[in-house]
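The same chain A turns up in both complexes below, where it pairs with chain B and then with chain C.
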Partner chain A sequence: MVLDPQFIWNGIVVGSIISVSALGLTLIFGILNFINIAYGDYMATGAYLAFALNAQIGLPLGVAIVAGVAGMAAGAVLIDKLVFEHFRTSSPVTLLIVSIGVAFFIRNLIRAIWGPTGNFYDVPIEANPNLFGVRYSVEQLSIIVASLLLLTAVYVLLRRTRIGIAMRAASDDRTLTRIRGVDTERLVLYVWIAGGAIAGLGGIMLGLDAQIRPNMGFTALIPIFAATILGGIGDPKGAVAGGFAIGILQEVSVVVVPSEYKFAVALAALIVGLLLRPDGLFGEATR
Partner chain B sequence: MTEGEMTEGEMTEGEMTEGGSSGGSSSDPIPVGTLAPFSQGLGWVGPNAARGRDVALQSINEELVLGREVEINEQDTETTPQAAVSGFTTLDQAGVVAMLGPSSSVIPNLFQPISDAGLPTLSVSAGTIQMNDVGGPDAYLWRTVPSDSIAGRAQGQYALDQGFESMAVSYKDDKGSQSFSASVADYFTGQGGSQVADVPLAIETDSYRSEVQEIVDSEPDVISMTAGTEVSALFMQNYIEAGADIPLFLGNDVLTPDFIERVGADVMAESPVFGQAPAPGPAFDQFEQRHRDLHGEAPGTFGAAGYDAMNLIALAAVRGGAADRETITQNINPVARPDGTEVSTFADGKSELEAGNEINYQGASNPQDFNEFGDPVGPFAVLEVSDASWAELTTFSADELTT
Partner chain C sequence: MALLDLFLVVGIIAGVYSLLAIGMNMHWGDTGLLNFAHAAFFAVGAYTSAILTTPTPEAGLLAERTVGFDLPVVVGIVAGTVLAAVLGFVIATTSVRLEGDYLAMVTLSSAELVRLVIHNEAWLTTGAQTLKNIPRPMESTVATLPVSYDVFYFLLVWALVGATYLLFERMSNGPFGRVLHAIRENDDVALALGKDVTQFKLKSFAIGAGVAGLAGTLWAHYVYAISPVMFLPSITFLIWAAVIIGGAGSYAGAIVGAVVIVFLRQVTRFIPGSVPFSDQMSYLRLMLVGVVLVAVLYYRPEGLLGNAERLQAGTSEGE
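Coming up: the complex of A and B.
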């Protein structure tokens, strides 16, 4: 059986979206040490903000994307101030449960404002150009380029800047980092800004590639979590590698497995990965 | 004639006007239930059907049934069997005398409860082939939409008529869509065609790009895709992006102006996209106008079926002279009997019945001529998109589809 290269391309596109989204999730986990179930709904919020500006108000898509990303960054900080800050010293399980409540609230707020049905950005639906048997769209190319730029930027941030180094230090040991004089509350603020912006961008990418619907982020959480854990939760480069692995596996799997089991393939990959590499792909789990 | 049916001679003057009914005193409103999906996956079905029902109800409550108004008790199936059974129990305990019933995804779970309760139920959206041999007065069950097997024949026959020899079948992964797709595939392969792909579409996913590619790679002459609006819109987007110049049949749930607008009228018109739907019933035009007058919009899918179901229940009560479950059950078929005087509104039907004449209700969604299992048999139209609306290409008669 010859594998159609279109499936690989589709996998790269989906993998780009999962990687970007997993990166934001793992950054938040690294500093705040809890799994934010509302993260998928942050993605949906970013997508809907951009949708409102683009398809409803009529702003150019580029402007809407920037505003959607910025809006979700501000929104993540606002939610932290309103909700999560009050549970800063609570256990990760408590925070996880709180985040479930936040997730339900956001999702239903979206439904109340924009309705339950799916929507599309104001981009033309047309046949994609064909290159060597692979059909690609401008949106897909943009998604891949944007994800590579973002992943590089985050890598540079974490490796080459004082804030990034402080983030990595806090990710290893937040108490020790504070003792060493780092303002960890400020770091938390930066992480929410970065995590919210990345979530917003991930949601917009998802909306561009597919459609915008209230539970789009929630359903995307399964492969995003799988990528995050496969890569070693808290490890940014692991999340990126995990994202591409899950994305490509999911899309290629439809050749041999009925497509309704795509998510099961992601979970199977996660189980196999954990059995073979229990500390994550790069052996730096739960840093 | 089924036991309990009333002939013209048996209908006394008193029965034809007021009294003789259960379900409350002679001045209380007659309770009629509506059990339909108002939320979750098929959450668009209930509101569409309810708006159609309300068009009928407006006239019914002006004319009155046995001197009484009809009052609706609405329950949401939430598109799940559990909520459907719960909603049914609520309606049963509330004493409704008849019910507009739910969709394919949940109605098989209600066959036994409906029969046990003796509650006449007219589904306004269930095309499932599981109802092909279940229904009629003995089962207290009818539907005002044709079976998927009839619709599937229309789609399959048109494909064969166009010379297509191979078909890829794709469907939203739920009972209703599976039922429809299976009907299409069974008929197509039964008539000599071949099925080259069977691709289910996961309900909660963000892209069907790889599924579309799988279909394209199977090199079919024609694609049959059945799903609701959400899945179909995303599938259409991915199908167009893939540049797949393969004729595509859509399920009848999306043959609406809204769907064309959502995907884009130009794109839909340029693509080789077809659909099939029951040819509008004899009363559709007047129903559509009254729907616009009442709701300010054109009827949505299953709206006409809701209108017909409500009219049939009310006319059955008038003919039987009583608003109770058994009387309505035994008089649904007689008010749609082909040898009666044709009527298409409640007012006309009531007038004929009160004059002692038998009637043949001619519906808005189809003629509502029921077979022994409570299924309507009628013509089907094949449609394509033209000028931002679905336009008829050809029509198969009921005889062509049932022989």
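Coming up: the complex of A and C.
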């Protein structure tokens, strides 16, 4: 059986989106130590902000994307100041449930403003070009390029800058980092900015690839969770590897599994991963 | 009179949600398990009972379903409860050894998988279309009585809520519940005392899932028609909100929490005439649920009827 390269291409596109989104989730987890259920709704907010500026106000898509990403970074900080900051000393489980409340609020705010139906970005509709038997769209190409740029930027941030090194330290042991003189509350601010921006970008990518819907981020959460856990919660490198693994596995599985069930592949990968490598692909889970 | 009818409808929904919250409270309140698969147990109860009690649809243009059994409603209700418990057991076997939030993510994913199966296996469930004409229990008998059917169903649902409450309260205070509480506080201690911790967690999961299944059967037989969109993960989250608002660990709290949530969602039905933003009202209500949930966690973390001691146990979990 010869594998159609189209499936691999689709897998890389989906994998890019999952990787970027999982990276943001795992960064937030690394510093704040809780699973943010509202993360999917952060993604949707980013997508809708860009949609409002692009399709409703008429700005060029590039500008709208930058503004949407920046807007969501600011939004994440705002939500932290309004809600999460008051629960800094609470248990991870309490924070998880707080984030359910936040998720209800954001998702229904989106529905109240933009309505429950699907929307599209204002992009020219063209026939998809064909290269070596693989159909691709300009949007897909930009998704991959954008994700590679972002992943490189985050890598440089975490490896080469003082903020990034402090973030990795705090992700390992927050108390010890504070003892060494790092202002961890400032780090929390930076991580919300980074995590919010990444969530926004992930949401916009998702909207470019498919549709902009109020629950788009929430429905995407499960493969994102799977990637995060597979990579080891809190491990950025693992999240990216997990994201691509799950994206490609999901799309390639169409060859053997009915396509309605390709999502089940993510779940299977998640369960097998948890049983075989509970500390993540690289054994670097922070928990 | 109209107001009374409305009260009955909301009351029946609140009863169904109370059963869901009772099941969740066994998982989280008693055992400290982060179950996010509740919507799936609810769905399995509803679909099992619906499929068992409806006749095989006649072959037609839209009749995709080829299975139906036309059994008495009682059989459906019992089978729905049992099958949901079995599903709870199966989901728990794959994941109950996982720690806190890992368990949350795996159960949430499992629940979505269940919904996916219901959505896709049209021969069994009519798929994305609604499964219609689910019979109501004793409808012809009640029709001869001088009261409306909703009065009968309201009493039926709340009688079951009452019975379930007493049963679970008893279980929670008995030897079984004490082991669950020990597991919640610290499962190593329970293990050191010779308790088979995994076995107890599996039982807790199955029992709580069974009650959610019972809630599902009652829901299906009340609303006539069910479809997969009724069983989105937001049901699970609403029940979480109910348990937390009511006070984790308290079965009375679970019921109060469920009533509060249903009231918050349905309150605008009681406001007559036109109100501003009426189109957005259902969204605003759910935003309100989010605000209330966060506010309760901030101002009264133990919930309305929970106790602070239980809260201490909750915070040590997952550290």
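Just so we're on the same page, the second predicted complex is superposed on the first by the 286 of 287 C-alpha atoms of A that agree within 3 Å, B and C clash if a C-alpha of one lies under 4 Å from a C-alpha of the other, contacts with A are read in each partner's own complex, and residues count from 1 in each chain.
Throughout what follows, a contact is a pair of C-beta atoms (placed from the backbone, for glycine too) under 8 Å apart; a residue touches a chain by one contact, two chains touch by 3 or more.
If you're wondering where the values come from, they're calculated on a predicted model, not measured in any experiment.
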{"item": "Superposition on chain A - do chain B and chain C clash or fit", "value": "clash"}
{"item": "First, second, both or neither for A:Val83, with chain B first and chain C second", "value": "second"}
{"item": "Which superposed partner A:Ile229 touches (first chain B, second chain C, both, neither)", "value": "second"}
{"item": "Which of chain B and chain C A:Val93 touches, first, second, both or neither", "value": "second"}
{"item": "Touched partner set for A:Gly101, first chain B, second chain C, both or neither", "value": "second"}
{"item": "Touching partner for A:Leu109 - first (chain B), second (chain C), both, neither", "value": "second"}
{"item": "Partner chain in contact with A:Ala220 - chain B first, chain C second, else both or neither", "value": "first"}
{"item": "Touched partner set for A:Leu267, first chain B, second chain C, both or neither", "value": "second"}
{"item": "Contacts of A:Gln6 with chain B and chain C, given as first, second, both or neither", "value": "first"}
{"item": "Among 1-9, 37-45 or 127-135 on chain C, the segment whose C-alpha atoms clash with chain B after superposition", "value": "127-135"}
{"item": "Touching both chain B and chain C, residues of chain A", "value": "258, 260, 263"}
{"item": "Contacting residues of chain B [partner chain A, same complex]", "value": "43-44, 173, 199-211, 213-214, 217, 229-230, 233-234, 236-237, 240-243, 263-264, 267"}
{"item": "Residues on chain C engaged by chain A in the complex (per definition of touch)", "value": "34, 94-95, 98-102, 104-106, 108-110, 112-113, 116, 119-120, 233-234, 237, 240-241, 244, 277, 280, 283-284, 286-287, 289-294, 297-298, 301, 314-319"}
{"item": "Chain B-touching residues of chain A, taken from the complex the two chains share", "value": "4, 6-7, 10, 14, 116-118, 120, 125-128, 130, 135, 137, 206, 209-211, 213, 215-216, 219-220, 251-252, 254-255, 258-260, 262-263"}
{"item": "Chain A to chain C touching residues, read off their complex", "value": "34-35, 37, 83, 86-87, 90-94, 96-98, 100-105, 107-109, 111-112, 218, 222, 225-226, 229, 233, 258, 260-261, 263-264, 266-267, 270-271, 274, 287"}
